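Below are structures written as structure tokens.
You will see two complexes here that share chain A, one where it goes with chain B and one where it goes with chain C.
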Partner chain A sequence: MSDLLSLSPMLACAFTGLLVMALDLLTGTGRKPFLAWVTAAGFAVSGALALGLWQAPVALHAPFLSGVLAIDPHGAFFTGVILLSGVLAALLAADYLPEQGIDGGEVYSLLAFSVTGAILLVIATDLVTLFLGLEIMSLALYVLAAGKRASPFAAEAGIKYLLLGGVASAFLLMGVAFLYGATGSLDLAAIGRLLAAGGPGIDPLLVQGAMVLLIVALGFKVAAVPFHFWTPDVYEGAPTPVTAFMAGAVKAAAFAVLARVVLTLARAPVLAGLDVSTGDLLLGLSVLSMVVGNVLGIVQDNVKRILAYSSIAHAGYLLLGVWATQSLAGAPGVQTLNEAVPFYLLAYAIATVGAFGVLALLGRAGEEDLSLPRIAGLGRRHPALGAALLVSVLSLAGLPPLGGFLAKFHLFQQVLIAAPDRALPWVVLAVLASVVALYYYLRILLYAYFREPEDTPAQAIPGAAGTLALAAVVVLTLVLGVAPGRFLVASRSAAQAAVLSPSAVVAPAPATPTAADPSRVAGSPPVRPRLPEALNPRLRPLMPLPAPSPASRQTLVEPGAR
Partner chain B sequence: MMDVPVSWYVILALILFGIGTVGVLTRRNLLVVLMSLEIMLNGVNLALLAFARHHGDAQGQAAVFIVMAVAAAEVAVGLALAIALFRHDGSVDLDRATRMKG
Partner chain C sequence: MGIETRALTPILTLTLALPMAGALLLALVPRDRALAHKVVSLAASLAAFVASLSIWVNFDPALAGFQLVEDHPWLAFGARYTVGVDGISLLLVMLTTFLTPLTILSAWKAVEKRTREFHIAMLVLEASMLGTLVAMDLLLFFVFWEIMLVPMYLIIGVWGGERRIYAAVKFFLYTTVGSVLMMVGILYLYQQGGSDSFAYLDALKTDLDLRQQLWLFAAFGLAFAIKVPLFPFHTWLPDAHVEAPTAGSVILAGVLLKMGTYGFLRFAIPLFPDAAGAFALPVMLLAVVGIVYGSFVAWAQDDVKKLVAYSSVAHLGFVMLGMFALTSEAVQGSILQMVNHGISTGALFLLVGVLYERRHTRLIAAYGGIARPMKVFAFFLVVTTLSSIGLPGTNGFIGEFLILAGTFREALSGPGGTNATLLALGVVASTGVVLGAIYMLTMVRKVLFGPIVHAENESLPDVSFREGLILATLTVVVFWIGVFPNAFLSRTSASVDALLAAYKGRMVEHRMVRMDEARPGPSDAPYRLAADAEVAE
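Showing the complex of A and B:
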């Protein structure tokens, strides 16, 4: 299979973006919703290609692609989640944007570029390519977040997102630079092998610093406490379909990368035996996100902000899943992603897109104040929208028989199985946090169903595209809750593929790596030997540079172990 | 030529990164904040270059070009957003851009 065909799902998205840009010029004013259908169709084609071509791991042949992109079930599953969120967001935007007086096709092409970046992000294994994917995804979103040019809230949302996203990118890059300094490679798989092998030339400080920097950077992107403070403002100020996309697709992509990076690096012996391990960091973020997200969610009055805090709390549950790694089948000693996490992200993404989607269809022009009293009586005034809100919010809350319940139950169960000796208190905390969350989820439904409408209740926008999207959300949420079999299997194979290059497992870490390591003595940076070239065939100097020291020529892993 | 150890470059890079971080967090003028963001990225670039030289490898240098290109794109978006903010507020003061709270 040629490389172009292998990469066609991502290329189809990029092409969709370009096509929509061109069609935008030919489409007259007031007929732009047509472009939403083109975008959604492009995403659907891309998704069909991904389903067809990415079922099994695909090898890329071009030398500049191997070791840069990895097409495996992990990437395929999250590509599916991203594309699904993208389709739904495009359809919702078709109804929402004309109502808000945004008559431009650029929203759809930016959405397509953002999806392209997100797909690149989840299939990248080269750290610079990963950064490029993150930036392609984010740059388009910064513009989309500020899409309502007439609204001062939108400009503020765009600025906040850009600044904090920029800081997160800088932290990520510093982490990448540290890893490059420690290992001399930018290929995540090769770095994972080198670190697992634990050669003498690897500076533990650099690796530990890189781990912290990367967790901070990706913590921003998944909106984990204490890196969450941009989330409610950006979610509130951005156009609601864009918010739906951010809460669904961006979180899924960020979690895919977080899991892959952390799990691939975590096998490094230099990370073992620290006072604060990587797992402790993830657990701390998880607990903070669950507690702070749910408690602050209670005191909100704007439905968009309630859902933003709900999204923070869900990041907490998911981080608990990332923390509770499970062992890789057929490779004892290698930890991979908990098999419940991808499924949870799928169920969460559908439900949150649905909830924001209902809000998008309530946004009549100029009256986008979505405080709780304005949705009062929604269930009677617009029964279909009310039903979609009911299903989505109950799925987020985790009530049976919806997808969110099964995902949460499965997640907590798998966390307990993966870490039976340590997980119990944290799972109990997560269950308690879910109970607290019920308060604000049910509060939304209380207003929607049991309160009398006030003088100026929010009116629905009629529209075929948005109705179709919400119908799809309801059906998918029910299917995930009632017949999840195939999705659970896909989730499991995605999780098993999360950790890169497990084949090169090397001897376990020395017992006291930190105390005895002379390179940790402050003020005396160790002379780091050059890496064996066999480790990385792409690692060849293009120009004469300082001569390498002759030390450490032993091969750490078998060549071509990738 | 006297050989400067790689750690010196990395320490300088970290100082630049720290200056940039403090700038982003404390300055209130959006343009200065964007500039601080650039300083952070330049710190990263210096670290990448130092490590590339240390390893005798060109990948790090190539990465620097990519980072520079992306940083330019980010600033382009940032300045466009600054104009959007200026149209609403009449200033690029971030303390004024706090309509949403909680």
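Showing the complex of A and C:
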């Protein structure tokens, strides 16, 4: 029963997919948008279940179904991000699809299955289940990417995504096989434990190879340079709401898994001796993504392609966040994920879905040329759409008071805390890269606000669903930027749960069990703390924040006392 | 410095919130109700001014630290919502709330296109500038600092002149390059502080060695220097000014540039005193270069607005010179000069705007002899020019005099005896006063006097009641500061003295440490000795 309960968010999504499929048969042509609301409602139910499980007693966070799945704070947080992107994408599709002449309910059921797969992916604690989730998510997306059957670009997008996604899957599977070969286990936590213990039977080369293969495979999914080649074409060719979903949910899910896998495995002494390259690999991917993504973004003329390169660049910033903590994996106490990464992904997903969402609501009946001149004058012709674009794009650019700024600031803050000296040059590079990015973000806004439309500007499609989605994006982006209280706390607990079963790495009992305080006995191995608070005074418990102690401030003179 | 008084009622937050509330209200007003937009905007900015008057009244000039402080938890990772005002920020807060309603009034007729968006941008801009001035938390400061850019970008880009897009993008990118490095600086400072706090007062206690200070000063200083703008980072300014609509220019020159100078005084100097000492001469040199260069370039302009824009570069050179002289008179003069520049350059831009609205050209050659048809205008232009060139009795005189007097005092009788370099800088800067008189008076002569060569100038309408009201208000302040500067200086002196005492105290402390190490060094001003010795390594 409790397994079923833990499974309920995923089941709700799968059921939504089936329900939509059935309803599709009963819904006449032209009334399909109704299915979008059903899908969104199903996702909302699933989200409520996930939230409930997260708030539930910790016992429910434990792995279930023979230990291959676990709804811990990490999984629950990303389940939330995926579902939010899914809801928004479904609502956007309700307005977009009829206008583009794609009148079918299968889009919604495929979306629901893709969400199901993505949830499976982020709650998986077992490598085969993880692969299963990745495949379910991707297979639905291969179809969705080619959704605009009349368009040659869509065919290109579908084929490209399928082929490169297949390659990525192969890499992932090979990595899993290597790990199994090295440790004889498929359970991520168990592998992590075995590697940490560092038995003599573990072949370092296999482990190292596995790490490279896994990072390459997930690098494809998060669209990190040099595994990004599919991104602009697929993002451009896919139906825009699907693109929004890919840029938001799929990237978040892939990052959640990347962080979990890399951080759970990377504390292996086997790797510490040999594998200097895991960290270097992450850093290399990060720097390449930031630089290449942003520089290539400058020369694009199609808004969808600009946003595609923006999503590549964001992968770069995020990888820097993962790198900073991963590179310290050997050090005690620093085994959690950079606590800003989940928050960053949330803020990024919302903003990027919002930006693509505005594009989805532009362009009537089959016209899908989203070159920059066609959004000229958007701010005047459609002030509400213009405002949504302004907020989303500025959030992606990382300007306050929007979520994207706070996420970026927090991310770099945590990177500097984790690795103060080594990270500094890379953080400087990252912020300079984000200035380069500002150029193309401003270019979008410049067309939308400053230029007058020339011949045929893109017309907006009015629609309740899309309007609701964009309003939610704007509100959430502002909330994340101004009063993100709970989201930051959630992000921190998600990050702390990112590494599987940290309790397993507590050092063995001390040699002199009679001592009252074993950790003080000279010569005995120190007890490795389970949570970083013990070592890092900055990571003190969270809300409510303590009032400033009078001693830390200077004498206060109340106005009345003078 | 610390917190002196806490606010019983959140006056500062109220002053920030009123323009924001106005902006939100405007978003609800239908698009085509232009008059309603203007009225709401003016009312909101006037309300903010009234609220700021209560800051002025409740401010105790005797206290050096922060007053009317509000402090609330904000973010889970160390940032707090802490605002307060002291003698350094008070005058600038008042300047902001005073200039904004006048600016909005000046745009009454000039901006007829998309009035709602324009006024929303103006109010958001006002709120963010006020926030920048009162923030006592580094992250909060940075947030407001960055927010300032967007409305200004839109004001230049949407309501600007021919090359507005180029100017807007240049403005944005230029200033952002500086500020992202400052962001890294803030993060590094936080990381070094080790107290999970972005509070300004905690940052002051952070222990940094000279190498760290130099880098951090460079990171913060670049952001501020671009904003000031300090020569050679000024190239965005003429473009932005020329293309911006009048209201945008007034706010840009009047308040926005002051954020750079304010940043130096609030953050760069007190947080990194040794680096400030080491950088003082180079910065002063750049300031003086800016004074002379700005003056000559202004002299050569045939476009009135460009002339005023370059005169800003020169005037802000004075502000920077006084600030880095680091004596009480000079720093107070520099704060006052920030206000003066806001008033008189703001008024100059308004006057240029008045001309432009009538003739749609800003070329000096298009005018001449217009004192006859526009008598009131001529009066205001002459008074403002005199204030801008620092005639005794006007505000400009007090500021420039204090800055130069302070600089010369430091040069002649500073702790280390006569400092020839500083003396030379002071002398060159003084010539800037003369140059200022030359180019400004030349412009006035060409525009106002002489025969009327263009027939259409014969019948130019004089300033309207609305324009006259704005200019008269500014003129009153010109003379008020000029005749009773103490009303203003008395409010800055305690904070400035405390800042300088803390600055010199930290310098001496460092020097003592170094003397323990018995390291020989050339004798110079004692509090600069430490820094010099370190640089020499």
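Note that in this section the second predicted complex is superposed on the first by the 483 of 562 C-alpha atoms of A that agree within 3 Å, B and C clash if a C-alpha of one lies under 4 Å from a C-alpha of the other, contacts with A are read in each partner's own complex, and residues count from 1 in each chain.
We adopt the following convention: a contact is a pair of C-beta atoms (placed from the backbone, for glycine too) under 8 Å apart; a residue touches a chain by one contact, two chains touch by 3 or more.
Computed from a prediction, not measured in an experiment: that's the story for all the values here.
When both complexes are overlaid on chain A, the residue A:Gly485 reaches chain C alone and has no touch with chain B.
Residue contacts after overlaying the shared chain place A:Gly184 against chain B, while chain C stays out of touching range.
In the superposition on chain A, A:Val143 makes contact with chain B only, while chain C stays out of contact range. In the superposition on chain A, contact is made by A:Val428 with chain C only, not with chain B. Of the two partner chains placed by superposition, only chain B is touched by A:Phe153; chain C is not. In the superposition on the C-alpha atoms of chain A, the part of chain A touched by chain B in one complex and by chain C in the other spans residues 538, 540, 542-543, 545, 548.
Partner chain A is touched in their complex by these residues of chain C: 1-6, 8, 31, 58, 60, 63, 65, 71, 73, 75-78, 80, 114, 117, 139, 142-144, 146-147, 149-150, 153-154, 157-158, 164-165, 168-169, 172-173, 176-177, 180-181, 183-184, 187-188, 190-191, 194, 196, 201-202.
Of all residues in chain A, those touching chain C in their complex are 339, 379-380, 383, 394, 399-401, 405-406, 409-410, 412-413, 416-417, 420, 424, 427-428, 431-432, 434-435, 438-439, 442, 446, 449-451, 484-485, 488-489, 492, 537-538, 540, 542-545, 548, 552-559, 562. On the chain A side of its complex with chain B, the touching residues are 128, 131-132, 135, 139, 142-143, 146, 149, 152-160, 162-163, 166-167, 169-170, 173-174, 176-178, 180-181, 184-186, 232-233, 236-237, 296, 299-300, 305, 525, 528, 530-531, 538-543, 545-548. Residues of chain B touching chain A in their complex: 3, 5-7, 10, 13, 17, 20-21, 24, 30, 33, 37, 40-41, 43-44, 47-48, 50-60, 62-63, 66-67, 70, 73-74, 77-78, 80-82, 84-85, 87-89, 94, 97-100, 102.
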